[in-house]
Structures are given as structure tokens and as C-alpha cells.
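Each of the two complexes below includes chain A, the first together with chain B, the second together with chain C.
After this line comes the complex of A and B, so read on.
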């Protein structure tokens, strides 16, 4: 039964390293070490991010669901975030602006550093400054706010009142629709590729 | 000239492979993937080491002072080390390892660096408030179909599109 390795064990840390290597390898393969490709998703000249991101999300969602059906995976035993509606939305909005200004998100910036992008290094320096600022201002800005609108460890199927399988199916159909839509948008508006 | 984009993997194939990596993370370790957690851990540990008395009295830095280290943070640190290694391996195979400041030809390197730092700062703050970044809260959250994951992804991409117009000169 998953998880295979005990939390905090040395085997688990070794697994973390190898999982990270696979993660970094795939991100770089997909072209996520370049900020200009990543930013393309917001200007319509390159929708790679959206395609990789959503394909990964519903592949994983479907895979974990199947492992659960097979009885080797239990959602209760793994990481599952508690949903704090408003802080999550505000945090996401702040990150969205950070994404368009910096051209990276934290994971992809690590990948950018790996391939020698100095701007990625600057971005990670920025993250450290941001985390520091958050910590210093924690007690008077964030501490109370971050705990508001707690709805618990909710999944989409629970909130929508449908079975987990149907929820994943809807997610996949939605994803496929988005893929079709973005390709159509790029074609329809004749958005040119950008050289990088 | 060789077409550079040819060297990138098909996005759907990359997505499926990335999905398998996420499944592996949950299956073997019970964890989701992350990007910002390692930086968070580094900052907190640094503050706790340099200014222990300040960290003791700050609710955010306090837990980093305790001698017993939270295992999940360390997991994320090892995972991010792996990301760096994996990125170097893939970049080396594709011939993409090159020291550079990458930016649109319409802006200067200096401007690119300034905005990269500013964007990083916002991501640093936002990821703490949103309990994770695009990978940690978004991708991993959606993998377990958590409401939190979908909310954060909608907020990141939604705001990104809204703000894109204002920052278009940086990219196009």
C-alpha cells in the first residue's frame, strides 16, 4: 500500500532525489527552462505550458484514481491540502502577476538555473526575498488572514456532489476542450511564433 | 538554421510523463511535487541560524528554530536538488546548456533581471499565502482533485491573463 517509503526515512529522501531528477528532466525536455516559452501562454504564441500542465494533471488524477480502485493507494495516507478559499485565491492572484513579470514559476526557475539562465537565478533570489518579507510581516499581515474561509480537505467530487470518477472525467473533457480552443485561437487570430 | 523548437518534446507526451512523475511522488513518498518549498526552507533555516532570538519570537520563523526538522521540508529540498540535476542532464543532451540572460530583444538585460526579481518576490509571497506554488499547490493539488489545487490554478492563470496586457512590452 502506498506510500511505499516512510516519511522522513532515508529511502524516502533518496526517492525524492530521483523523483526530482525525473521532474527536472521532463520540465527541461518540454522547454520549461526558457521564460519566453513560458510567457507565450499568456500572449498566445506558445501554449505548451497549458498543454503539458493540464495533461500532467489529469494523467496523474486518473492514475491515482485507478491505483485507488486497485486498492494500493489511499488518499487518506498522502498529502492532501486543506482548502482556504480566499487566501488561496489571493495567493494565486499574487503569483499570477509574479508569473507574467518574472516569466517563471518556482519549479521552472529551478530548471532555468540548471540550463544556465541568469534571469532564473534572479527569479529564485526574488522568491527568497518574497518569503523573507512574508515571514517578517507574517504576524501583522498574513497570520489571521491565511486561516480564513477554511472549508476543510475538500475534493472537487465532494463539493460538486458527484463520484470521483465522474469528476476526473469532467476534468479530462474540460482539458481536451481547452487544448482544442487554444489551437483554434492561435490559428484564428494568426498569432505568429516567436523566435527564442 | 536548425529549428530549435523541434528539439522540445511533444507537449502531450511531456504532460503524460510528468503525470507519471507525480503519480510516482504520491505512490512512493506520499508527497506532491513542489518548487517553492525548498526556497522557503532555506530562508527559514537561514533566519533561524543568523538571528535565533528574532526567529524565536516570530510565528513564521519559529518552527525552523526547533532542532527536530520537519521531514516534508527536507523531502522538498531533496526533490528540488533532483530538479536541478535532471534539468542539467536534459539540457546537456539537447545542447541547451548556456550561461545567458534570456529576454525579448526589445528589452535590456537589466530590465529583464529587475522584473525577474520582482516576479520572484511576488511568487515568494503568493506561494506562502496560497500554501504552495504552481507545482506544489496547483499541479499536485489537482492530481488529488483537491479544491485548493483548482482554485490556485484558476487564480494564477486568470490573473496572469488579466495582467498580461500591462506587461506585454516585456515579452512581445
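After this line comes the complex of A and C, so read on.
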């Protein structure tokens, strides 16, 4: 919350609490706290999640660039994780399998628990077991692997050698194309909207 | 595609297209890092000599902004033409910082010596204000070089002479000691280290007119 609170201020935790509550509320209102919604993306009967996350991504990307453009926001303060290509692919695959099997992502599972869903409770139990397994096997399984294929802190625009603005525009066009595509798929295969 | 969807798509595309042609400003915060500040401190490009300042005033440089950081008492007693007073302890007041928040003027701080002006420069630079400078030596140097110029060197060459003539001209302009008085003083003047000369050897006519 750099423009509102100082970096490293205790108020950041409080801000995080309210942002988290707002995030959970919106997830619930969008119907994300049911596992069927998320699983729908993979089984091809509901693409809401895909659309929401694409929209969220490019809204956030544009928001950052616009705030920067108006001089509110310091681009250099954005924390960025280092990219480890192969470990990211492996981790992404494991997480994807978890998504399909469980029908939740970590955030929505918490929303699911808040609304009293048993499968969400089981899912969070699974997360805890996974974290525990990762912890005990870290030294002999993951420690060396975790830091391989390090390409540093890279954004897509840096990898492609274009300006961040152009990269965001390309991402928006790609996102809109995907929206169009999934709508077409739904129409083509005559998939009905599902009520939960 | 219904109307609402179309509106969303167009809005996102227009916003995206606009931002695509902007460049990311990686330094929004104007405050400079300690490394940069250190570099600026040791560079010493912040100094203008009193001769430079005299030249700016005589030629009525429209981009000149002189700020006297001494206290109001000293300021009212004697100051440079066109200078206004922002005492050092009030420099960080919002209405005073507004004078620094521009790129059009070169702001030159001065005090009795260089120290207070240097502090003002340091604060302004740290806050990211551009075009701030210091008059080297402050009012002491001003009086010594401009209002009461003396021949400083035993080895008198053309450059020294031009500088001396220039100072004398400037002295007249600023109502310093008369020509004869300067000559008299020059007689019993002890040799002092030469002050570094900085480029600008301007014709004195402008000042004498």
C-alpha cells in the first residue's frame, strides 16, 4: 500500500486484512466458492473463472501502468519473484492437478470454508498435508531442484523486448480473443449455463 | 455480443491502446537515492561564482531565481538584486518548496558563507528538485569580489586583468566602491591565493552603461 501507507508500516497488515475480506467477499459473490465453478473450466462447461482471472490480470496491469503514468505509483517498488523456469512448470502442473481434482484454488477454498463447504475443508486439509510433505522432503527432494534454471526477475515485456504498455495491450487482445473463443466453443457444442 | 459486453471490450481496448504508447516512469518518487546524492555532492557542479551570479543579474537573465537563505534581519540589511528571502529554517514549508518545484528557473541559494546555502541545496537536491545551485562563498565572496574587487595576484596576467576589469565593472553596477577607491585599495593589497576563474569573461560595457 505504498502510496497510502509508508513502506514497512504496521498499517499495511491492517490494509491487507480489509483487502483480503473484500477479495473473499467478491469471490463468494462471483460464485467461486463452489468447486463446480472452477472444475467447469477444465471440463468445459463454465468459463467464468477464466474470464474473471484474465479480466483481473489486465485490469491490474493497466491499473499499475495508469497509476504510474499519473505519478502516483512507484514502479520500482513492485516486488517481483525470481523466475525458475523448470521448477515453476513442475509446481504449476502439481497445482493444476490439484485444481482439477479439488475444484478449488487456495483462495476459493478459504471462501468455501467460510460458507461451510465440506469439500473445501477437505481441500484445505490436503493443502496442509502437501505443505507438510514439502517440508519434510525439502532437503532431499526439492532443495537443489528449486533453484535450477534461474532466469532472474523477468517480466514478459523484458523477455519479449517490448515496452510494458505494448505487452499489456497484447495481453488484453489475447485475453479478449480467448473470451471470444470460449464463447464460440460453448455455442458450438451447445453447452448450457449451469446453475449451482 | 450484447451492448454491455461490447462497451466493456471497447473500453478495455481503448484504455489498453492508450497505455501502450506511454513509457513507464521508473522513478516516480522524486527523492534521490543516497548514491546519487553522494555523486552530486562530490561533483561540485552546484557552484556558481559571484562573477557568474553578477553576470546573470546584469544581463537580467529571465531564468534566474535568487534565494537568500539568511535570516530576515540580514536579508533586509543587504541582499542581492531580485533575491527573495527564505530563511533556512523555513525552507521545507510547503509554500516555500513551491518556489523550487519547477524546471524553468535556475535557483541559486546564497548565505553569508557557503555553508547554509549548501545545506539548502542538499535538502532541495535530496527532495529531487532540479536546477538548484549555490553561490560559492556567499555574500562574503560577493562583497570581496564584486563590491570591493582587489588585485589578488602578484603575478598579474591577461586573464587576471580581464577578471579584475570585469569585477570593477560589476562593482560599479552594484554600487560598490568607486574606481579610484578600488585603485587605492589595490595598492596596499596583500597577495592572496588566486580565485579560480570560470569561463565567463564578459564585456564590462553592459554593466557600466
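Just so it is clear, the second predicted complex is superposed on the first by the 185 of 196 C-alpha atoms of A that agree within 3 Å, B and C clash if a C-alpha of one lies under 4 Å from a C-alpha of the other, contacts with A are read in each partner's own complex, and residues count from 1 in each chain.
One rule holds in what follows: contacts are C-beta pairs under 8 Å (C-beta built on N, C-alpha and C of every residue); 3 or more make two chains touch, one makes a residue touch a chain.
Note that the structure is predicted; figures quoted are calculated from it, not measured.
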First (chain B), second (chain C), both or neither touched by A:76: second
Scan A:165 for contacts with chain B and chain C and give back first, second, both or neither. second
Which partner does A:182 contact after superposing on A: first (chain B), second (chain C), both, neither? neither
For the three-chain arrangement built by superposition, which of chain B and chain C touches the greater number of chain A residues? B
Between chain B and chain C, whom does A:109 touch in the aligned arrangement: first, second, both, or neither? first
Once the structures are superposed on A, label A:68 by its partner contacts, choosing first (chain B), second (chain C), both or neither. second
Of the two partner chains, chain B (first) and chain C (second), which one does A:146 touch, if any: first, second, both, or neither? first
Touching chain B in one complex and chain C in the other: list those residues of chain A. 58, 72-73, 75, 164, 168
What part of chain C is in contact with chain A in the complex they form? 9, 12-13, 15-17, 19-29
Chain A residues touching chain C - in the complex, by the definition given at the top: 58, 62, 65-66, 68-69, 71-76, 163-166, 168-169, 172-173, 176
Can you check the complex and tell me which residues of chain B touch chain A? 4-5, 8-9, 11-12, 14-36, 39-40, 42-44, 47, 58-61, 71-72, 74-76, 78-91, 94, 96-104, 112-113, 115-137, 139-164, 167-168, 170-172
